[in-house]
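Each of the next two complexes has chain A plus one more chain, namely chain B in the first and chain C in the second.
Let's turn to the complex of A and B:
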């Protein structure tokens, strides 16, 4: 069981905001922190890892206090057993793939090293340096290195956000496999819905420094699933005037969809807006794509 | 080539080697502190480190004489241990270290600052201490900066004149380095001998820099692969 009770004054885009959260995570649970960028998600991970100090509160991991403001306990990052996968992977350029992973081990364990290299499919490239690797390969090295420490918590800071769609899907499976195989407790920061649905047991929505909703992904995100409406959320990429109507291009999960809007409707829209595309009257087709 | 000539050249390079080695030992912790610390009086220390860049060497030499000379408090104190820093080789080393300090510290400091913070944080979360992180993660990734610091400090020590003249004088085999020798030979109108010194210094510094740039390019190439 991991208990987080954290308060910290953040300065985001020159605005002061208090981060104030109280979360309990069960052992072997996979949870996701969801929220806008700048909401303090990464800061929460860094507070758990001991890289950033909270103003108030406590962090209790499996009965052991890692941080407690009142009792003046603050373990340094070295004493906290976390595996941290950074957004930029933070691989050591001077070490090979194998050396990077070994660096995370407290004692050298050849069997465990081999297991990690195999499960992350890195065995054939174990002697290469990080600069020679693709994004997906780097990501797997970062993951293997974080797991090599046999962490109490695995912290993933948008680990797949820099990768393209196909590799992302493949690595989501890998994440799930590794989480299960090594009995990990995992905290993921993400705003990719498919990732959240596929991986997490619970999701916490962070808004204005507070957790506003939490629960199973389908309960949190699909509130109107019984109404029979089809709804997608996406982002406007472009608005083009065409005679009396406007054609709006919307990016939805890697696909661009063109939607017709009246000029009146288009007035309130601009490029970069987050929008919901819904269909009421028609039942949509479902076609299987392989 | 006579004996005097060789002694002077050897002394010059001995001074440069020892100075560079000491600077490396002092420079790494100092640059580390300047790069990562949020100490309030950091600008004060940064200023002191950079002073030799703009200060005339004679000023540095003058204060050195005043504060470390045999009549000064520190000078008297050191004399009890048999250490004399004025007109000795040891004095030259101390003076050169102070004078070339920014040439070692600045490249190292910008090297430290160029290391992504996440690399250091990753090392900490993997259970490695600050020292281990420095030795295994930070230093291996700033090799070009270390090399630049070494070369600049070395070359600058060979080329110094004012500080050496002020605190070392020109005692053959003790404090008479090549730059001083050239000056004295020219004053005595021995242009041939001055020319010999000058040519040797020119060739050797050229070769050192050439080796460094070749090696540096190789390091960068390997890392770019």
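Let's turn to the complex of A and C:
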């Protein structure tokens, strides 16, 4: 269990704003912090990692206090078992892939290193330097290095946002696999709706420094209660007018589905919009795959 | 999507399914949902709900005789026809409600539909969704 009770006065775009949150994260949970830029999401991660000090409150991780203003406890970053992955990879350019990952380890563990190289599909390029790698490969190195520390909390600050769509999709799967395999507790900062739905058990919506909504992604983002039993959330990829209707392509969990809408409906939709696709339980066919 | 507001008039449930009758100010429409008053709190007689159904699920009949299993048969007047190559969009009026139907253009021609025609809109109960207000 991770308990975060944090208060800090922030100055965002010359406006004072108090970040004030109180959340509990269960062990092995995957949670997402969602909100506009400047809402304080990254600051929360930095406070957990010990890079920014809260004005008030405490951080308690599996019973151990990492920070407590009243008791004057403040563990330095290196004493906090945290894995941190940023949008930019921050790898050591003079080290190989393997050396970068090994650097994250508290003590050398050959089997674990091999397991990490294999799960992140870096084994074949373990002797290469970061400069020779693609963005997706570099981010896998950064992820493996963060996990190599066997962190109590894995902090991911928009780790996939700089990558292109297909790589992002693939790495989302990897993240999920790694989170499950190593029994991690993960805090993700993300704007990507499909990523949040795919990965997180719970999402916290941060507005003006406060958590305004929290819960399962489908409960938080799907506000209208509809009797439809077949319901998916996704993102609009394209809208094509055809005849008297429009064909709307929606990305749902890595698949693209096409939905007919009237032109009136399509007027209120645009590419990139987050939407819910709903249908009655009576409509879909079930075809067995064998 | 057609979206009409009405009141729940009657609910008849089995273990998992309910047939819900909604009064849209004089027009009754019926929906079958995989919910019961126990699983969905908004399913209560007298509650206001939205009734939703897709335009493409609205069939149109003209001078219909005989028995049809479909429960929702709404007398309407055609107010607008927009013909495309394959599909056509028909605007229907029933009391104060507007219902849109999308059917094939060949059916529009087969029925010889024109503005002002008195027709019946057919919607299967299992195509009608309810939304809590």
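Throughout what follows, the second predicted complex is superposed on the first by the 225 of 290 C-alpha atoms of A that agree within 3 Å, B and C clash if a C-alpha of one lies under 4 Å from a C-alpha of the other, contacts with A are read in each partner's own complex, and residues count from 1 in each chain.
The definition used in the following text is that a contact is a pair of C-beta atoms (placed from the backbone, for glycine too) under 8 Å apart; a residue touches a chain by one contact, two chains touch by 3 or more.
Predicted model only: the values in this text are computed from it and were never measured.
**Student:** Could you look at A:260 and tell me whether it touches chain B, chain C, both or neither (first, second, both, neither)?
**Tutor:** In the superposed model, A:260 contacts chain C only, not chain B.
**Student:** Touching A:84, do we find chain B (first), chain C (second), both, or neither?
**Tutor:** First partner only.
**Student:** Mind telling me which of the two, chain B or chain C, contacts the most residues of chain A?
**Tutor:** B
**Student:** Is A:271 contacted by the first partner chain B, the second partner chain C, both or neither?
**Tutor:** A:271 sits against neither chain B nor chain C.
**Student:** Who does A:106 touch here: chain B (first), chain C (second), both, or neither?
**Tutor:** The answer is first: A:106 touches chain B but not chain C.
**Student:** After superposition on the shared chain, which partner residues are touched by A:244: those of chain B (first), chain C (second), both, or neither?
**Tutor:** A:244 contacts chain C only, not chain B.
**Student:** Would you mind writing out the residues of chain B in touch with chain A in their complex?
**Tutor:** 116, 118-119, 121-129, 136-137, 140-141, 223-225
**Student:** Which residues of chain A touch chain B once you look at their complex with the stated criterion?
**Tutor:** Spelled out, the residues of chain A in touch with chain B are 46, 49-51, 76-80, 82-84, 86-88, 90, 92-94, 103-104, 106, 129, 131-132, 145, 148-149.
**Student:** Applying the document's contact rule, which stretches of chain A touch chain C when the two form their complex?
**Tutor:** 224-229, 243-245, 260, 262, 265, 278, 280-283
**Student:** Show which residues of chain C lie in contact with chain A when the two form their complex.
**Tutor:** 1, 31-35, 40, 42, 52, 54-56, 82-89, 100, 102, 126-127, 129-132
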